[in-house]
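What follows is a pair of complexes built around chain A, which joins chain B in one and chain C in the other.
So, the complex of A and B:
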């Protein structure tokens, strides 16, 4: 049974999340090097982090007439929302706050990224970054509803919005096994709200970097951190929602949570470079014509199963 | 209600009011939209503190999406280019004052006229369950009707707004595949 953690979990959860994000970035760098045919060593994995001190001391780029308040608000919102979303994710048998509406909380924090990224695009008073912000909203309208139905499937299956209850309700049979459509839609949603890989459209190269185009220094670091923190947070949330949480033979619950989170994170990082970037207008049609009907039918499955129980 | 909750309630209430006033004093469409969002997020917090966590968090969830989409449309379709010129958010000042005054008076009167129950004794154990029960049991017919009316409105509005019909898309004999759309979709219809 999941219980609310002590005060120190408030510090441990963001730390753990950052650790996962760092691993994901390092893994991504290694896969990058391998696919480019460069030699893979420890230096390859560390290289992305050499930019961190450089970003911290970099002189900020100035634009004429930016909306500095909204720009900063947006840039900060993305990583902060990612960290706040972890409050309800149980790790082993402990969550920072085992809210009775944990799933809705996670969803609400994820939606905050919409506001954050649009503001980060609007703030610098530049065309390409604003288009990047609009692109994220178009992408959001496509990924959000299938993602919501995927979350609803798990909540319906467990008859509870509490993440701990959802993890506990899967004893023996993971939701990933008998709700595969919801699991797939959820994983696609994780990539989409991290705007990475196939869903990197808001920061597309065809847009000179989009939302990231005008940011520099700490701002850029925060936005980049936000994407990888979201990828880590989404992977961690997949474990209680679809993979039985900390349940598993032999090992303690926290070890199982760690192993499963790393597996999901590894899978997502591997997928990043396997798929081409999808244009939002194409994904909107696919989402609304194919994914939404499929996920609605998926919600029906646990509902009928529960009615017959 | 404990001290922490009372303090939270007061702080969130005051913040909601401050952001609400800012909506009418700022002169940038983007800032106005997001101060309205901030006010609504505070209202979500107030609702949560009052013991309705589901409704509170859902208010935050829905309002973020709604305000961001509103920002897009407001700024995209403004009279001045992209809404970048400073502008006042006040229209129909006298009428708005009268309407908001009447609504405010009615709400305040409601506080004193509604026979509130002694909530401490009757606080249900799980308010989320109560909300779901109310919507899905007693008010099921209302919700179903509401759902269909909303959906019909959306479909009708879209149909009225678009000038292209099925003959434009599928040709005179409706046999043209794939459809002739100005922007191609991802399913290849």
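So, the complex of A and C:
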């Protein structure tokens, strides 16, 4: 059973999240080095973090007539929402707060990214940045509903919105196994709200970086960190929702949580290199015509199973 | 605690590089991209993200002002270096790194805080490492003062007119932005500043602060409105693409009128050319030029150059399509081909690349139906080469490149002499009067109108004209 509220979890949860995000960045750097034909060593993995001290001394960038308040708000919202989302994610048998509406909390934090990224695109008063912000809204229209139905599938299966209950309700048969469509839609959603890889549309290179194009220094660091923190948070949330949480033979629950989270994270880091950026205008069509009907049918499956029990 | 030193060392250990390629700078760009890849110095696409501005190619007067604007937009710590030929790239990179690492240089370059300006923009004092790059250098302090008071002076305009720089980019912008381009500021690198055309400077004084008729935010004029394709009245943005845009044909400038992100109108500008004494021939067609001049060139060499050119184009297309990991593979293959790697060394990786990219259903789904050029259209426009043979959309064109590369791979070792009339140059049948790229460029305006910005970038990348070929024509005309 998940215990909630121990004081040290408040420190451990963001720390763990940051650790996972750092591992994801390092893993991506190693894969990059391999395809670029550079020798791979430990130094390869830490090179991306050379940018962190740099960001702290970089000159802040100002545009003419920026909306500074909203710009800052947006930039800060993205990583903060990612950290807040971890409050309800149990790691092993511990969670910061095992809310009775945990799934809704996670979803609400994720939707905050919409506002954050849109404001970050709006703030600098620059066309490409603004288009980047709009692009995230278009992308949101495509990924959000399938993601919500995927979350609802698991809640329906467990007859509870409490994340701990969902993890406990799987009894060894993971939801990933009997709700594969929901699992796939969820993982796609994770990449989408991290705006990485195939879902990097709001920060596309064709837009000269879109939302990221006008940010430098700490602003840029916060937005970039937000992306990888969200990827880590989404991977961690996949474990209680679809992979049975900390349940597993032999090892302590926290070790199982760790292993499963790393596997999901590794899978996502690999996938985000294997696909080109998907433009929202094409993805919306696919999402509404194919994904939404499929995920609705997916919600029906646990509903019918539970009614017949 | 001094954090600046370690932070500067961190920056210098892995600088982010903004590579600005000048016309005829292809060879320099290739050398630079190869070194950056091997050193893991990331290439970025806007000045905001960059530490190091690397200018690649022979001196080009008409783009000087655009380069200066890019430099102004780089946040400190920063450095600017210029490599005029491929041999200079390594030294230029080292010089840039040294400058980034040095606290004294960075201190001189850092923007002096003049307090908050009326528009809140932080002043960036100009500091240039090369005097020859900085006309109007001496007047800077004077101008800085003027601008701090928020006024443009006649001096300023004179300064701008001869391609000098104004430290206060905001007033500067307000000054020459009568068409409401202010919204497009973000793409400084994408061209609205980088186009190097200063002909609208004259509007400076009236556009500068709203003309006194209406209160404008930061003195910037509002967007004008126009009918859009759905019969709505929407704001129009004037956004030039080029000439220093990354992953874009070097020197090409297209002026767009955007509503939302839909292109309403596209006009071509005459490509910028380097100073006439530039010895560098257009890189990708060099074997054909040599063969046309009577030198015996083995077919294998020309074929190798053509494969590398297609790989370069594919790398660009993939960069625009947003597939950074495959961009790396494409550029690595291109560099290996150019450095003379034997067939056996590239064949397995080439096959894997073709499988991943050419057979990618996702990429095909994303590029289907965009920028259709039928074989008939191509024929009428005088297009030959892969774009004409593909006769279809963006998907068909990149698959055609891959097919051509597959055929060429078998011919890498052929040593018979190259015949210009028989062997196609990378972009079509070579003729100095009608270089194949000019036909490709001619197709662009019609194809871009009505496309979304993302699609427009894909269309340009899938045709990938090489404006250097046109410069070859003008040179021959003026010298011949």
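The rule is simple: the second predicted complex is superposed on the first by the 308 of 309 C-alpha atoms of A that agree within 3 Å, B and C clash if a C-alpha of one lies under 4 Å from a C-alpha of the other, contacts with A are read in each partner's own complex, and residues count from 1 in each chain.
In this text, contacts are C-beta pairs under 8 Å (C-beta built on N, C-alpha and C of every residue); 3 or more make two chains touch, one makes a residue touch a chain.
In this text, all values refer to a predicted model and were calculated from it rather than measured experimentally.
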item: Fit or clash between chain C and chain B when superposed on chain A; value: fit
item: Touched partner set for A:111, first chain B, second chain C, both or neither; value: first
item: Partner chain(s) touched by A:129 [first = chain B, second = chain C, both, neither]; value: second
item: Residue contacts with chain A in the superposition, chain B compared against chain C; value: C
item: Once both complexes are placed on the shared chain, angle at chain A toward chain B and chain C, C-alpha, multiple of 10 degrees; value: 100
item: Partner chain(s) touched by A:68 [first = chain B, second = chain C, both, neither]; value: second
item: Chain B versus chain C as contact partner of A:263, first or second or both or neither; value: neither
item: Partner chain in contact with A:290 - chain B first, chain C second, else both or neither; value: first
item: First, second, both or neither for A:100, with chain B first and chain C second; value: first
item: Which superposed partner A:278 touches (first chain B, second chain C, both, neither); value: both
item: After superposition on chain A, the shortest CA separation from chain B to chain C (Å); value: 5
item: Contact residues of chain A, present in both the chain B and the chain C interface; value: 125, 134, 278-279, 281-282
item: Contact footprint of chain A on chain B as seen in their complex; value: 28, 30-31, 34, 37, 53-54, 57-58, 60-61, 64-65, 67-69, 71-72, 84, 126, 128, 183-187, 189
item: Parts of chain A lying in touch with chain C, wherever the complex brings them together; value: 31-33, 35-38, 44, 47, 50-54, 56-66, 68, 124-131, 134, 198, 200-201, 204-209, 212-217, 220, 273-279, 281-282
item: Residues of chain A touching chain B in the complex; value: 67, 69-70, 73, 99-101, 104-105, 107-108, 111-112, 114-115, 118-119, 122, 125, 134, 137, 140-141, 144, 161, 278-279, 281-286, 289-290
item: In the complex, chain C residues that touch chain A; value: 3-4, 6-8, 10-11, 13-14, 16, 37-38, 40, 44-46, 48-49, 51, 75-77, 110-111, 119-122, 124, 170, 173-174, 182-187, 189-190, 217-220, 237, 239, 245-247, 258, 260-261, 318-326, 328-329, 332, 356, 360, 362-363, 365-366, 452-454, 457-458
